[in-house]
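The two complexes that follow have chain A in common; it is paired with chain B in the first and with chain C in the second.
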Partner chain A sequence: MRKEDTVKLISAEGFEFIIHKEAAMVSQTIRNMLTSPGSFAETQHGEVTFPEISTTILEKICKYFYWNLQFASGKETEFHIEPELTLELMMAANYLHT
Partner chain B sequence: MGGACSRKRDQREEEDNIGGGIYRRYGKSGSSKWLATSFSRQSSDIQMGNGKCLSLMDLCIKKIREDIDKYTTFSMLPRDLSQQIFNDLVFSRLLTEASLNAFRDCALQDLYLGEYPGVNNSWMDMVASQGSSLLSVDLSASDVSDDGLIHLKDCINLQTINFNYCDQISDRGLECISGLSNLTSLSFRRNNAITAKGMSAFAGLVNMVQLDLERCPEIHGGLVHLKGLTKLESLNLNWCNCITDADMKSISGLTNLKGLQLSSSKVTDAGISHLKGLHNLSLLNLEGCLVTASCLDSLSALAALLYLNLSRCRLTDDGCEFFSGLGKKLKVLNLAFNEISDTCLAHLKGFTNLESLNLDSCRITGDGLANLTDLRRLKCLELSDTEVASNGLRHLSGLVNLESINLSFTAITDTSLRKLSGLTSLKSLNLDVRQISDTGLAALTSLTGLTHLDLFGARITDSGTSYLRHFKNLRSLEICGGGLTDSGVKNIKDLSSLTLLNLSQNCNLTDRTLEMISGLTGLVSLNVSNSRITSSGLRHLRTLKNLKSLTLESCKVSANDIKSLQENHLPNLVSFRPE
Partner chain C sequence: MYIRVKRNKTTYFIQCEPTETVLDIKQKLHVLIDQPVDDQRLILFSSGHVLEDVKTLADQKVENDSVVALTLRKDDNEFEDVNIARPTDFYQSRDPEGGSW
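Showing the complex of A and B:
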């Protein structure tokens, strides 16, 4: 993975997820952060911090990004959500416009 | 988080205010046209996750729907999220009295529970717990009674209340909402218990914009309490047959009124004279009122009038010169079922902005249509059951904007139809006329934009069906004159846009017909009654997955045959005959 093709997502606890930019762009909110003109820190360093998203949830979200890409390329599988995560995940999905 | 990108509240569409309250549902021609719009929503309409990549948001909502019994509260969620969950449960018909409690204190804004099964007073606690957040509530057709209505007292920000078809609500219930002065829209359709006394509760609702009391038969005398509601723009009193001229006096000062619906009331010309000051009125529905042409004099004072429905009134040619005074701005005029003749049409000459004219069952002839030649904006012309004959159609040749003409049960003949051949904007054409035959159809092949063609009683035979190939956009087609055999259906099987097909009364059609139309997968409604169709032909219909209505009366088909077809192959079928 070339560094310029990746983006680093940082959870509330400071965990770092390095994923493909293409995957992260599934989120309209992240897409806006990374592509908005001007010199936002996010655009320059390819790094986004989410002080309100826990590590567990952010991991699930990263999984969704990749699931979404797979789905789009024709591999239609189920996306599993653990019942105990659903509400928190929903709030994050709402924030991330995903 | 979350609340930051709160979604806009859905604006519910105004149901049926435009068009002057013309009821098209029950056609006298026995046509099955109305079926297409009258199906209730079925749970099978909800098909999530079929080949479409769901957003994470949708996946979460779907998951919550599946596990709904596990949740005790959603009150920790931002309002817009709990609202989405609520709406989803209502839509999928999975909200129950048990799951309801999870939505307590969620600060929900909209509770659209109209016609939702099982709603009663015990649901009102949850409703009330939304408190000052609640902006609109629809509990139409529920069992909520006056005691339930008391709960709304503290929902002081309520703007919209719909309690249509709630027959357990009376004057006492109305008292409970008398303090909700933020209300802008209130609807209590079909309520037998509301009287003038109860309507005094409306007097303080000074922000009211829209009030709907359709089919409330005891409200006469109550309109005096509306005098102070100066912001009122829309008042629906259709089918309140208790309403009299005195009631019109009560609303004469509501000058912001834009829409007033009075169909089937006891209002006469004298009552209409009280409306002269309503200079903002653009829609007036007087269908079935006791008014004569004299009321036109009063109506000519209404400079903003665009939609006027005078069907089934007592208009005659006597006094019809007052028509000339009606605003030239008029867009929609319904004069159906009045004793008016060509003399009256002469006074419509100047109505150059008219887009829709309904003359159904009036005593007009083809010569009278000469008065319409300047109405170039006309899109819709209804001439059904008139005395219009072949000589009249030439006057329509120049009305190139016409999109819909109904000539059913007129005296027109084949030879005159070529006068319509230049009306290439036509989308809907009703030629349910016995003397129309293949020859007439041949003259219309230039009308390639047609989406609806009604040849119900016309004498169309197999050879005539070859002309149908020119109408590739047809969505509905009715040919029920008895002259079709299977070989004629060959020319119908490729009309792939068809959603409604009525071939009933063609008693020579066999199972072969069903085989041929099995490719018309867009069909929503199919009628092949009175034919030689048998139960063994039903297998050809398995491909018609969109079918909602199937009528095979007087065929060799039993209700059980169709039921098994429905259960095994046609999940969307909601209405069938024999049943």
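Showing the complex of A and C:
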């Protein structure tokens, strides 16, 4: 794994999650941010800040990305979601097109 | 599978296999954080065990989605203490009259 193959997602509280680009691109919104032409800061540094998404939710989303990749490659497991997270998670998923 | 390597406010999602050794993980981290493998110490968060380089993840009960704390060697040659910041965002600091959405 090379450093260029990762992206840094930053939560509302400034917590950082470093994940594979491949995983992040499960989200259509992040995919667009990272692959759009032009010299956006997001594309250049591989850093995306989400001032609207709390740390707990962002971590859950990162877990989902990896789960999604595994699922797509045939490893079908369940993805557990705590009931108290569902509403915020759905709003974030809507925003991220995930 | 993946593990979550945490230090301060940063989490690294590292893709790996149960058959990989802890040294393999440290080499992956080296690429990301520019710290030599000798200056890294990994600790399984749930048990507090310091992970040994030569053993595999499976040997040391590191499973998918495990949280592993990363500590680095300080200037005085000692390793720093485990320090993982936790978000206190959830519910506590939220405006009860409706959030920032």
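By our rule, the second predicted complex is superposed on the first by the 98 of 98 C-alpha atoms of A that agree within 3 Å, B and C clash if a C-alpha of one lies under 4 Å from a C-alpha of the other, contacts with A are read in each partner's own complex, and residues count from 1 in each chain.
The criterion applied here is as follows: a contact is a pair of C-beta atoms (placed from the backbone, for glycine too) under 8 Å apart; a residue touches a chain by one contact, two chains touch by 3 or more.
All values reported here derive from a predicted model rather than from experimental measurement.
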In the superposed model on chain A, is it clash or fit for chain B and chain C? fit
Is A:M25 touching the first partner chain B, the second partner chain C, both, or neither of them? neither
Should A:E76 be classified as contacting the first partner (chain B), the second (chain C), both, or neither? first
Rounded in steps of 10, the angle in degrees at the Cα centre of chain A between chain B and chain C is 140
Just to be sure I read the superposition right, which of the two partners does A:K3 touch: chain B = first, chain C = second, or both, or neither? second
On the A-aligned overlay, A:Y66 touches which partner chain: chain B = first, chain C = second, or both, or neither? second
Considering only touches as defined above, state whether A:M91 meets chain B (first), chain C (second), both or neither. both
Does the superposition put A:E52 against chain B (first), chain C (second), both, or neither? both
Given the touch rule stated above, what does A:E13 touch, chain B (first), chain C (second), both, or neither? second
Could you state the shortest Cα distance, in Å, between chain B and chain C after the structures are superposed? 6
Would you mind listing the overlap between the chain B footprint and the chain C footprint on chain A? 52, 91
For the complex, give me every residue of chain A touching chain C. 1-3, 6, 11-20, 23, 52, 54-56, 59, 62-63, 66, 91
Can you tell me which positions in chain C touch chain A when the two form their complex? 2, 4, 9-13, 15, 28, 31-32, 65, 85, 87, 89-90, 100-101
Which residues of chain B touch chain A in the complex? 1-2, 4-5, 51, 53-57, 59-61, 63-64, 67, 70, 74, 76-78, 80-81
Residue set of chain A touching chain B in the complex reads 52, 61, 64, 68, 71-72, 76, 79, 81, 83, 86-87, 89-98
